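Alright, structures below, take your time with them.
In what comes next, chain A is part of two complexes: it sits with chain B in the first one and with chain C in the second one.
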Partner chain A sequence: MDSGAYKIVFSGSMGAGKTTAIGVVSDIPPVSTDVMNTDTSQHVKATTTVGIDYGEVDLDHGEKLLLYGTPGQERFDYMWEILARRALGIILLVDNSRPDPVADLNRFLDVFEQFSDEGAIVIGIGRTETHPKPKVEDYYREVEKRKLVLPIFAADVRRKRDVLLLLNALLSTLEARER
Partner chain B sequence: MKLSRTSQAVFEVLLRELLEQATGLEAASISSIDGFQIAAAPVHGKTTGKIAAMSSSLHALGQALVREAGCGVCRQMVTQGDRGYVIVLEIPGQNPPLLLNLVIHQESDLARLLQVARACAQRVADKLALAK
Partner chain C sequence: MGEKVRYLGCDGLGPKEITLIKSMLRLFAGQTQGRWHFSEEQPFDALLVADGRALSSDADAETEHESLFIRTVLPSPHEDNPDTEERRQNNLFVLRPIRALSLLEKLNQIGVMLDHEETQQALRAQGWDDLRAWRDLLLEWRDASDSFMVETTLCKFVVFPLSRRFLCEKPDAPARELASARVRRYERIDPARAAYILRSKRTESLAWLGWHVGHYGDGELLPDFADDKPFKLQRWPDFGSLEHDAIYVPMAGVLTQRVVTVSELRSLGNFPPDILHRFLNAALLTGYLEFVGTRPIGWLFGRRSENATERLGLFNRIRHKLGI
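Let's look at the complex of A and B:
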């Protein structure tokens, strides 16, 4: 990784908002690998990410965040580990409107949990305004079962300030570790 | 992407014909643009569901890369191993889009290889047009 460039990965289930989150904060036109979704039985979205999303956020002093988004569907799970290599942190997005969002989170924590030793993980729960349960507290309890302490926020990734909150929480977690 | 057994059988016959006609072609599959394997020949050969998903990623990344570099539209993705090649290209004229994935023996003439791949994709497209 070039000095002054920090890799952050957005992951989570299909439709959780990874492509949207990167698109809303990126200072460059984001790279997208969205294609037609031919299996609407799994999700009604017209498109699905099959490669990566990519965007950048400029920081002070010429530094930047490099934002990578993974595909959400499990047949692309080989991309999750590939994209997580040398990442500073992972932002896991959860769609609270899905049938079992806690199970969704656990599936991704199974993949990324070991990453929490080297980097940081922050969890963003989406669609809580229309689907208030499970509550954020329920996710904290679930994460505690794994003996993890992770920041968890309700976040609407269509709002730039919510995505910046997740990024700032990630960076703050890393700064706190360095002290 | 659900197909009838008849449609899948038609695709498999088509791919077997490709294997017979194209020298050096070891395996071939047709997959959806979002990574589902639709048909393969040989049926339990080198092309798998995982290959279909990876081909989808590769094709989409190729499109993004070529677009970013200002090089037009991605025609095919060629991955060279030390024992062969995997080529991914879009079958012309399909809606929804379909990908043709080819596993080819080590081939010293890359130009011929690319020509074979494009000819295979066109042959599949022509057969599909006849079947409609």
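Let's look at the complex of A and C:
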């Protein structure tokens, strides 16, 4: 990573809203490699990201905050870990409308759990208004089984306010370690 | 479990039984609702009374299945007639020979009843209003198994402590209004009726209610917090669903990673006192904040990196750019 470039990774299952979340805060139109979705067993959306999403935020004086979205499909899971290396933190998005979203969360935590020592992990649960179960409380219980204390919020990533809340929690976690 | 000290006395029991009860109370330390001690003289919180027909000089005969009734300081219609069938139905007795588990169960049952009565008395004394009234109720419900009806100035609530849920007559009322309503009275409700209501209606979590009671409270720190009493946040509140002040997020960041006291927290974050108090009250009333007895070494400082100042500067610049 270049000096003056810092990375935050958005991860989560297919259709969880990674591309949308990056687009909400990025200074540039997010660069995505969306193609027709041929894997409708995972999600029925028309297009999906097969590579990575990319956005950036200019911090002045040449510094940049780079926003990466991981590919959602499990067959690209080797990419998740690579992208997470040296990131400030990971925002993990869970789609509550999926058949077993708690299992989705666990699959991603299996990969990212070790990262919680060096960076911050924040979890956003999407589509809770149309799919109220499992409840956010159920996710907390699941995470607590791993002896982790992570921020878990209901979040609609189409709303900038919600994406900023996730980023605020990520920064707050990092700041608390340095105070 | 609570730490209130309770006193158990005996009337009409023989020396062997008294010794047995004393030894049981020592064994129960830390396992009961409140800390029970044996007392030779009044005042008692509960009194084990031998059946009047039986024991005097032959108190140690311990007739099988004979009952010892339990009198409590609680106001009760049975007090005038301690050995009625009604008292038996209320289960305020233990059978001889006294079994440890049976006595433990009864003391816990009485502890909950005493807590309930004391909360009622405190509420009556305070005029059933303000943050503290809700605080007393919310803390009492942590150990309660009965269901309750709470009448407030806004509407009626039905509370199910076991499932940590509640429902109210005005589910669409703004959180601020619900949490700011003053408590007028509350009472236990029939378990069958409570179960029916719980099945038939959509309920909200008690943590949600506790949070908003604290958040919309008057900003005075609850008496549970002392300047030198350390605590930690065991869980992040769901700021996606709970109304909050933006500064609560960094507060939660600190409190989920450190064991701190109120005075340390004030100096650590430069947090405005009234907002800090509302946050702490809200966290306490959700049950997410826990007081801890001892602190690990290095409790005050986090895992500061060598370039902590530089990193804090970076986080500030990101915040500034994103407007958070």
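Here is the rule we use: the second predicted complex is superposed on the first by the 167 of 179 C-alpha atoms of A that agree within 3 Å, B and C clash if a C-alpha of one lies under 4 Å from a C-alpha of the other, contacts with A are read in each partner's own complex, and residues count from 1 in each chain.
Quick note on the criterion: a contact is a pair of C-beta atoms (placed from the backbone, for glycine too) under 8 Å apart; a residue touches a chain by one contact, two chains touch by 3 or more.
Note that this is a predicted model, so its numbers are computed, not measured.
Asker: Sharing chain A, do chain B and chain C clash or fit in the superposition?
Answerer: fit
Asker: Kindly classify A:33 by the partners it touches after superposition: chain B alone (first), chain C alone (second), both, or neither?
Answerer: first
Asker: Let me test your reading of the model: by the given contact rule, A:125 touches which partner, first (chain B), second (chain C), both or neither?
Answerer: It touches chain C, and chain B stays clear.
Asker: First (chain B), second (chain C), both or neither: which does A:63 touch?
Answerer: In the superposition, A:63 contacts chain C only.
Asker: Return the chain, chain B or chain C, that is in touch with more residues of chain A.
Answerer: So, of the two partners, C touches more residues of chain A.
Asker: For A:6, is the partner it touches chain B (first), chain C (second), both, or none of the two (neither)?
Answerer: So A:6 only meets chain C here.
Asker: What is the contact status of A:80 with respect to chain B (first) and chain C (second): first, second, both, or neither?
Answerer: Neither partner.
Asker: Quick test of understanding: once the structures are aligned on A, what is the angle at the Cα centre of chain A formed with chain B and chain C, as a multiple of 10 degrees?
Answerer: Approximately 150 degrees at the chain A centre.
Asker: Closest Cα approach between chain B and chain C after superposing, in Å?
Answerer: Minimum C-alpha separation, chain B to chain C: 24 Å.
Asker: What is the shared patch of chain A, the residues that chain B and chain C both contact?
Answerer: After superposing on chain A, no chain A residue contacts both chain B and chain C.
Asker: Enumerate the contact residues on chain A facing chain C in the complex.
Answerer: Going through chain A, the ones touching chain C are 6, 25, 57-60, 63, 65, 124-125, 128, 136-137, 140, 144, 149-155, 162, 164-165, 167-169, 171-179.
Asker: Contact residues on chain B for chain A in the complex?
Answerer: Residue positions touching the partner: 1, 32-36, 49-50, 53-54, 56-58, 60-61, 63-64, 68, 96-97.
Asker: Would you pull the chain C residues touching chain A in the complex into a rising list?
Answerer: 205, 207, 233-236, 238-241, 246, 249-250, 252-254, 256-258, 268-269, 301-305, 308, 311-312, 314-315, 317-319, 321-324
Asker: Which chain A residues qualify as touching chain B in the complex?
Answerer: Interface residues on chain A, with respect to chain B: 31-39, 48, 50-52, 71, 73, 75-76, 78-79.
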